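Shared between the two complexes below is subunit A, which pairs with subunit B and subunit C, respectively.
Showing the complex of A and B:
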């Protein structure tokens, strides 16, 4: 009992508790026994992966005490660029992928520079990037989806072949039991875990979020730490954009609208504090699964979208209330 | 016999398994100052919080003017005329002085819907006048953030008194005030006494206790050790009550660098200038020259605005590469440009404000200790948990920091232990020059004594130590030389033998003193 209590007092324990609670709900409201089929869980993991990848970058930024509203737009921009390079120009993946990651990194570093160098509030700086990147995506694509269908001068459509990279990313492996994008998501989680817990720069992120002035006077390179966080958030946005393009088989300039809010919800439901200085990627992983199962359970029980949104809002609030650090 | 305002009887409080107060009784009469003394962790703050309604669950009874009361929250306590001035200021910086003073008791019009600004200004002005605070009408309309800390402190007091409190609790009210402001606070206290208020006063400063106290109550380990009239409780008795043993002479005679042979200068600063904090103001520090030998402790005395803190920040590169003049460490010229660069050159700077600029309170002790030495415990950028743990445990042991584990959150430690964690962080960088700003602020007597011992030991190992303190006994007892600053200039340098409180203070206040060296 005491061990249980100690667990519940830790943020990981509470995040796990929230997830278990959702799973119990899933077992009870189990339309057509869908919850006991592996395919349901595989699909949940696949559907939450793109959001989860964004949430990894969001976590790094939140740890520094900031927020990144631009990730959804960076996703859209990178999906467009990836589709143009790979689908239209036929560049091989080893060229196209690094190029797209560079685009994401540039967007993230630009927000990071605005925050770190020019001391613009993260909310404002990334709001500006959110609007700018969406505009850039529309400009590059001419406002059209970049798909296999190419309009000829005579008005008819011809179709280009889908590059192998698209198929491989949208595939399932291990006997069709795990989606590739889920593995990409887990790779992003692992990378973030290494950065946050094993690297010196990870410690700099926590110190910056915990007390920026004390960190600066302790010799912590606060600016570079912030640049790293926003830069990596941009790279994760690019990874998510590539995955999204592969799943949709096109680069949609409207892709990723409002995804930043889901990414924030995932980080917060996991128990990361927006005040910064605390939290970790494990919490984000648990948060992603909680949100993913919630969506899945509501959809297999055929709950209407209107009710689904209202329920999700209520549950986000409940989860955060549950996880609030007890004050004395 | 004056009226009895307050009687606390058999107050007890536990947090989980941890008992912090055991059957404590305390009373307060109109027109007296009752000092509540005790080391950090003795239970003073908890007792005050119970009185202020912050901890509604407790044992024992509270009687106000003979009636038993029980507060469910701070608002109830304040309605009963109890007002607490906390250690940390609680002003809303972006609101005006008058707004702050009337916060929560705003005069209203139209049935409580509209704020009556004119009435508010009048009430605030009246209150300030009654307290002898000279605020003009314009001052009352200016935002709180535009005033220096000392004025904010008085705004806080005015705010506390806006509700016509009879019982006023002051928790270390002078920790951020300079000499002259402390005097003004004492005058205000006399004024309040004459009006029939009772004051509960908490402080760690010995001189202050005897300056203000009518009676003294000492707590130790959550119990009351004794209550006595101030005249019947001389310092030796008080210290014995507080720590349960006789404190050895606070500043034992020491072997300075002279006794161990004169060593080479470690830090040489010539014509150092720190630019002005704002346009149209004079430089914070002007043409300052000082040399500190290895093993020497040099103190800096100055009133608020003298430039002591700016000097240290400038030397450490906290302002960036904006300072003029020459700085040499062990004969090697260095240019202050950033904290990181300064740390690599062997400078360490213990700031005067633990909470805001010293420690990351939400991080563990281990992570705070290693924060400035991370390159050493993360070869190739990868943290080594083993190296970090042994670094932290070494310094925690060397400084005698009392804790359960180095994984404990730093914010949960007592003030004295937090200060030692901050010191441990800097010693872990293996500095050659140590800049210390108020190293014993908010630290109890026992821990103070230990910190003095540590600093002596560090000097003996060959560190050059520069120290800012507003406590005269600390400056005169600990330092080999004292430099008095006034408006950014050196007004006097006193050797240990010639430094007296009067001479140092006179120089710090700008009086011309012949310079020795």
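Showing the complex of A and C:
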């Protein structure tokens, strides 16, 4: 009993509690046993991966007390660039992927510079990047999806083969039991975990979010810490964009619209505080599972869209309230 | 108010009333107000207009994109009228709020071609659009015919269909769904799973994965647009079940739906024509003072693997 209470008192324990709550709902509304089949869980893990990758970057930024609204647009931009480089120009993955990651990093660092160097509020700076990156994605793609169909000068269409990178990313491994994008997501979680808990810069991120002035006075490189957080958020946006393009077999300049809100919801449901200075990547992982299962359960039960939205809103609020009541 | 404005309106109407040949500079200026360029279908509409207009050097086109914002589109229509365009093409986002600016332009003597979606009343020159309900019905009739050929259905079983809807608060999705259901009436077909995929491919893929995990047998997927059908196909492919299912979509864009048919992803896609070419043709007629009908319903084609190479088949 005491161990249980100790668990509940920790943020991880409370996040786990919310996840278990959702899982119980899934067991009750199991849609003719569909919830008890591994395929359902595998699909859920694939579906939540792109959101989860964005949420990793979001967590790093939230720890510094900031917010990154640009992740959905950076995803769209990077999906377009990746499709153009690998699908249209036929560049091999070892060239295309680093190039796209550089695009994402540049977008993130630009936001980070605006926040750290020019002291623009994160909400405003990343809002600007959100609008700009979406525009850039539309400009680069001419407003059209960058797909396998290429229009010839005479108006007819030819088709390019799907690059191997697309197929490998959208594949499943271990006997078809785990999607590759899920492994990419877990890789991003691991990388974020290393940064937050094993590197000196991780401490700097927490210090910056906890009390920026105190951190600066005690010698923490606050500016560089912020640059790192936003830059990594941009890189994760690029990773998510690559995964999105691979799963859609195209680069859609409209991809990722409103994904930033899901990424924020994942971080917050896990128990990360938007005030900064606290939280962790484990919480984000649990938050991603909670949101993912919630969507999956509503989907396999074919719940109508109107009820889905109301239920999702209510459950997000309930999950966050549940966590707070336990603190008091 | 009205009396004070009417002389001005009269002068403006006279000023705007274009002669049967272009004014100074030798060009007719046509304003095109597009409600949103976020969808490939609307990008295609603008491209169709641009391509057709390229053959007519006496036309000068100005495009504006309202970015899915009703009030922005209203402002853009007013800007066009104030800048003295010779003709307006408007593809409105919604009927009611965009009726006043369209009617105002029309009353001030600017001919207005309303494209795809309607406005209220009759204060416009011409409406050009396709009929979503008829297209949905044609898709339903095609599905019923195709499903009747399945061995199990021949033996008396009922066919099992998944419907992936467009955004159900939008009129096109409601009409496509209603037409489809109308055609299914009385046929041995059950819709076993319905979900709102909001026109989005990733959403369609996710919903289809759920349908596949709940439904052991699915004979046909009807998606309200081609990206939705493609997303469903990818989900079925991941589950190794794409060969057991017939996929049907709507829109049939050359670079999208028609490609999916060629690739064997879709068994059929039903064209939702943009009307861009027809709008430019009729704009020229109006500017040359020739008469045009008040209402034009665009014809639609069906594309299947058998006819896609020869440009599809016209629906009756």
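The rule is short, and it goes like this: the second predicted complex is superposed on the first by the 324 of 328 C-alpha atoms of A that agree within 3 Å, B and C clash if a C-alpha of one lies under 4 Å from a C-alpha of the other, contacts with A are read in each partner's own complex, and residues count from 1 in each chain.
In this section, a residue touches a chain if its C-beta (ideal position, glycine included) is under 8 Å from a C-beta of that chain, and two chains touch if they have at least 3 such contacts.
Bear in mind that the values here come from a model prediction, so they are computed numbers and not experimental data.
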item	value
Combined model on subunit A: subunit C and subunit B, fit or clash	fit
Angular separation of subunit B and subunit C about subunit A, which is computed from CA centres of the superposed model and rounded to the nearest 10 °	130
Partner chain(s) touched by A:305 [first = subunit B, second = subunit C, both, neither]	second
First, second, both or neither for A:244, with subunit B first and subunit C second	second
Contacts of A:5 with subunit B and subunit C, given as first, second, both or neither	neither
In the superposition, subunit B vs subunit C on subunit A residues touched	C
Touched partner set for A:119, first subunit B, second subunit C, both or neither	neither
Gap in Å between nearest CA atoms once subunit C and subunit B share a frame through chain A	33
Overlap of subunit C and subunit B interfaces on subunit A (superposed complexes)	none
List of subunit C residues in touch with subunit A within their complex	37-40, 43, 168, 193-196, 198, 201-202, 205-207, 209-211, 213-214, 231, 234, 238-239, 254-256, 258-259, 262-263
Parts of subunit A lying in touch with subunit B, wherever the complex brings them together	197-204, 206-207, 210-211, 213-221, 277-278, 328
Parts of subunit B lying in touch with subunit A, wherever the complex brings them together	15, 316, 318, 339-340, 342-343, 349, 351, 356-363, 367, 371-372, 374-375, 378, 381-383, 425, 429
Touching residues on subunit A, where the partner in the complex is subunit C	31-32, 34, 37, 39-40, 43, 47, 138, 142-145, 147-149, 151, 155, 157, 159, 170, 172, 244, 247-249, 252, 254-255, 295-296, 299-300, 302, 304-305
